[in-house]
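In this document, chain identifiers A, B, C and D correspond to the written order of the chains, with residue numbering beginning at 1 in each.
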Amino acid sequence: MQTAVARPSARGVVGRTRSRAGLVVRASKDTCRVAVLGASGYTGAEVVRLSALHPNISITALTGEKQAGKPFAEVFPHLVAASNVGPLVKISDVEFADVDAVFCCLPHATTQQIIKGLPKHLKIVDLSADFRLRDVDTYAEWYGNEHAAPELQKTAVYGLTELARDDIKKARLVANPGCYPTTVQIPLVPLLEGGMISKDDIIIDAKSGVSGAGRAAKESNLYVEIAEGINAYGVSSHRHMPEIEQGLSDAAGADVKVSFTPHLMCMSRGMQSTMYVKLAGGATPDSLRAALSERYASEPFVRVLPKGSVPHTRHVRGSNFCLIGVFPDRLPGRAIVICVIDNLVKGASGQAMQNLNLVMGFPETTGLMQLAMFP
Amino acid sequence: MQTAVARPSARGVVGRTRSRAGLVVRASKDTCRVAVLGASGYTGAEVVRLSALHPNISITALTGEKQAGKPFAEVFPHLVAASNVGPLVKISDVEFADVDAVFCCLPHATTQQIIKGLPKHLKIVDLSADFRLRDVDTYAEWYGNEHAAPELQKTAVYGLTELARDDIKKARLVANPGCYPTTVQIPLVPLLEGGMISKDDIIIDAKSGVSGAGRAAKESNLYVEIAEGINAYGVSSHRHMPEIEQGLSDAAGADVKVSFTPHLMCMSRGMQSTMYVKLAGGATPDSLRAALSERYASEPFVRVLPKGSVPHTRHVRGSNFCLIGVFPDRLPGRAIVICVIDNLVKGASGQAMQNLNLVMGFPETTGLMQLAMFP
Amino acid sequence: MQTAVARPSARGVVGRTRSRAGLVVRASKDTCRVAVLGASGYTGAEVVRLSALHPNISITALTGEKQAGKPFAEVFPHLVAASNVGPLVKISDVEFADVDAVFCCLPHATTQQIIKGLPKHLKIVDLSADFRLRDVDTYAEWYGNEHAAPELQKTAVYGLTELARDDIKKARLVANPGCYPTTVQIPLVPLLEGGMISKDDIIIDAKSGVSGAGRAAKESNLYVEIAEGINAYGVSSHRHMPEIEQGLSDAAGADVKVSFTPHLMCMSRGMQSTMYVKLAGGATPDSLRAALSERYASEPFVRVLPKGSVPHTRHVRGSNFCLIGVFPDRLPGRAIVICVIDNLVKGASGQAMQNLNLVMGFPETTGLMQLAMFP
Amino acid sequence: MQTAVARPSARGVVGRTRSRAGLVVRASKDTCRVAVLGASGYTGAEVVRLSALHPNISITALTGEKQAGKPFAEVFPHLVAASNVGPLVKISDVEFADVDAVFCCLPHATTQQIIKGLPKHLKIVDLSADFRLRDVDTYAEWYGNEHAAPELQKTAVYGLTELARDDIKKARLVANPGCYPTTVQIPLVPLLEGGMISKDDIIIDAKSGVSGAGRAAKESNLYVEIAEGINAYGVSSHRHMPEIEQGLSDAAGADVKVSFTPHLMCMSRGMQSTMYVKLAGGATPDSLRAALSERYASEPFVRVLPKGSVPHTRHVRGSNFCLIGVFPDRLPGRAIVICVIDNLVKGASGQAMQNLNLVMGFPETTGLMQLAMFP
């Protein structure tokens, strides 16, 4: 189907059938050679999945300290078709001279240590929390360790693409946003900037799929512990809170605190934030919707639904899209804003790819035009 | 295991092995002969499941207009062991002279018509919405039809057991509460009565399993439409809203309006309401928890969890229990109250059984001491 | 509802409301005082759940080496109502003089060591694999360690209740069967005994829920690794194979080997074996069904479905029932036999309870008459 | 990431941002203008999803008789980004002069009527069962109606791509295979052709996700009826049986009958066939695996896994890949073959796209190189 983005010419497949659908890793003029650090987790795997449809990315290294030496398709058999991707290696064994850019999918704290030691020619999109908070004291308070790279922190650009596109284009180090903060800031930042909602009465009830918890083997994330249920967690204490507040405070031009209650539910992918806001400056639910529609009219990945339409997490599964709905509240002077994304795509690896596209000068949607998978 | 309630002596099984585990339906002095009207839906089936552990209930009729004549175990094969229960019959074919009490599991509107025609000797627990709203105009506004039995409505007792026990004992017609209203009123009524929370700032974000939608074949409830996802529905327009507001208004002694956003998620059973409330009268999150703990200290089915414990819907699956947690909010002067139940048990058939026990003079917990099924 | 088993008189609840629905642990003439060894796993939790409806069982000790000291309701919050059950203790701290019987839910190998050291007055139902295989060499071959209690092994009775009831009644040590072997032997043993199927052409394709894998934190059992999928595992090498073959060989009076392929699928509970058999001795699918129906006519927990009815795992969820269907195969001279159980109930803790009832002289169905939970 | 197929140059997106990611429908030299008949079902939606990544397909009409007039994104909100696709229309309103090819996703029986009336210039890939069976008497026997287009039937090519590539290239009407038959024929046809397995002892135990049942509202496919369970259905009577037997008979050069038992389980997408076969001609499990590996060595979508690797349905979710594993059986002289696909992709719309590519002369993998989505 023809879309606004050009798509595969499909030439070449004949001449290379001997390599089947395998992924060829090779550098060239239009190619960005990428290393994925921490590729044994779900965000790493998702970067590889998305890269498979990206014509300008060549993955030249996948790292995994504990599983170094294992074929990638053994770690993630669903990527069996990515047969030309090499085995996992240790970070210390990566030949960074052959790398142009890095997706960093490592845990926080470790991330700082690794990134500050990387060669300066590398562009970096970091999916951890390490460079998201401008204030290193806030970082230390919420993450429990002093920041090990405060100077580097100052150079990082917070990568909520739709809200910081121009800065991202010039960045060397992009701090890719958290999934919850993405669902909150995309709808609420324009409303706060426009003075359309009160900064003092923002209540966020969020629901997440389990993939956000990562691949570490924990009893609480076993199938039978999660299936057919929901529970709140980290009530008033989740680490994405300061990130949300940083973004909303910038938008409001004043200190914002939010009520934020995340819930873990029995789905693999998907995230919804249901936000209860107080109208300000004469705004109405309809005017909120209109303002968001206008703000995001030319955005490829953000869709504001028409009045009455409810976004479902199922409608964005596997895609980089973000859907927003605005509803009147029964309580006078209030509105309800709902935002859904796929936590692994727009909430992590998809937005990371979107950011890398900007950093490298590729069209922003390259490799990201997959539609949602339903059912 | 010995519990506070006596349990099966298990005598008798030997002498009756020819009937295996089948359900014997027979009247006697200590026995309440029950008809289940509308037994082809999930709440009807759940009444039968719970009755199997109830020593004083004999089911003498199961009705289903469309499926009359079918063996019940064909309609609900999981109740195969209930082999002595007869086939579904039409309501018009029930011999009500042999019935002491009725669980009415019919759709609203139909319910009024049927109940007003029932013989006067029958005790009735109605699981529909038809007799829950005292104000028949409010009923007409939200349900779209004039109330057909306004006189009967005046005699109905709203059956939130823990809040209306004494009235229920004397009732002929109990209007069994809706599932959402149960999760809201159990925690919030005492807090409003005590003046501990503001009546003007109650925000309820609720999550429900799909069984609440009933067994009717609808595209939107197909497995693949529901699996691995969540969505809001009926935003600011769900029919349980006036029921919630009626109960909270009574408690506050003044008109209460609430923000109420239900969500449908991929689980069969379970319901959680996450409630965002504003503290009043010097209350704190800890004092809310203490007040609820004291209020429900002697209740068999309501448990207020200790500080820091989070209720999960999984912890009440299949049981009549209701778990409550109270948490501080990051926004000053606010608190978060979480309540979970199984929507088919405490939210429907279990509470109905609890109410019938009261009406008939049986100990309230009879037949209801099953613990939650996990995993 | 009245059933063939007497059920709670429900007296007593009034006089004890201060202890709410809590479980009182106390010894008396008709009471079996039980210790659950290894109570921090799913089978242990299920024993506690079932015991709550058993009038003759008092749980006096729950052990968990790693979590000793923790309140049980912290380890299994769904058993919050079992409030009078004490915290987990170490096995070495159990006062076995106050214990009449033991459910042993420990891992294999460990189990032998523990059981051989238990006081002789204890009755034991062991849920591990340690005492199921008569031949200790076969045990060593499949489980990788020499049997540490070969003498004790000789005294153990294999506890497939319906097939060994009289021996179980006299046993001190019951080796509770594996879940897969239960689904295979219940239908196939009578057919082999009757010479109605060939012993040389038995193909078993089994599907299991994930709870059978236990509560240990393993990457492969995480929600997102399991959700929305199925896979074979242990193809031709699953440890339940020799147990199946032992039982079928006994029935056939000759050495039987089977083809056995288990599958792990995205459900918490439930197990189905689809068995492809070759007819022998003039048997037909209808005569197989008739033979099984007759064999199990007076069994409380085994139901042979009528021609054309298909058993679903959902129909036995949470119950001790076992449903069997027999179907003609398109290949001439063959039939298909389907058997479903709940792997945690009839496949583990429920059958264990059934066996303890026999050992202790209680009616066999005591505490086990819960119907399946659907939806 | 560079692959063997060229991928989007991503040029053009800048100049067309006003249309965002919307789908532009326009005819040109390299473009195949496609109508999707019956686009309101899951296979229709999947065709649209896949087309979005296909540079040579322009969807010019989507039909839905009952929902004609509705915007497509209202019927399938997950395709919200396909904003340039018009509303559903009636088939009688399609301007076929502007159409080059048709995906026909209509129900059987109806399909014959429609296709025989279509203009002759159209290429057709039919996803129904209507043209799969060469023998119209067999069709009538299994589908219950006389075939209405027997002459057209003779011209249809059965489109199991890997097995009939050359014929498909020349076809006007491709009968796209059923999902189950795809999983069976890909592995077994080469083995039968090579005389490596017996034609008289093929037992197929298949497991399917629910999307195969379509979007029609049926009680038996409701979420709560399906969740957390599995059941056999259509035992020995499923309509895919004659299709399987036709393909296997062709391969064996003799009449083949199979034992085929499909199961419905709680997943949306995915299909596994576990096949129990008898070795012939001196074959071993290893030689079967080697033969299949060689047969499919240059196929882009079929992967034979190395010894010991087990295919999971999760590994192909959302992709057109087919994974095969071969295992020794414990029964001597037998082997177990496992094949997994996504029933909506390789089992339906993906294979249909693969076939259209061949028919239209596009490289076969165009639009189909999406990797599996996991988790």
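Before moving on, here are some points about what is shown:
One rule holds in what follows: contacts are C-beta pairs under 8 Å (C-beta built on N, C-alpha and C of every residue); 3 or more make two chains touch, one makes a residue touch a chain.
Since the model is a prediction, treat every value here as computed from it, not as a measurement.
Among the other chains, the CA centroid farthest from that of chain C is the one of A.
Simply put, of B-D and A-B, more C-beta pairs touch at A-B.
The rotation relating chain B to chain C, fitted on Cα atoms, comes to 180°, given as a multiple of 5.
Each chain gets a centre from the mean of its Cα atoms; for chain B and chain C, those two points are 33 Å apart.
Measuring from the averaged C-alpha position of chain A to that of chain B gives a distance of 41 Å. Separating the centre of chain B from that of chain D, both taken as means of CA atoms, is a distance of 45 Å.
The residues of chain D that reach two or more other chains are 42, 209, 211, 224-225, 227-228, 266-269, 312, 314, 317, 375, listed in rising order.
A complete topology is adopted by the chain contact network, contact being made between every pair of chains. The touching residues of chain C, when paired with chain A in their complex, are 42, 209-211, 215-219, 221-228, 266-268. Residues 200-201, 203, 205, 207, 209, 224-225, 227-233, 235-236, 241, 257-261, 263, 265-270, 272, 274, 276, 310-314, 317, 325, 327-331, 334, 336, 338, 375 of chain C touch chain D in their complex.
Of all the residues in chain D, the ones that touch chain A in their complex are 1-14, 16-26, 31, 42, 45, 48-49, 51-59, 76-82, 211, 227-228, 268-269, 298-301, 303, 305, 309, 312, 314-319, 321, 323, 344, 362-367, 369-375.
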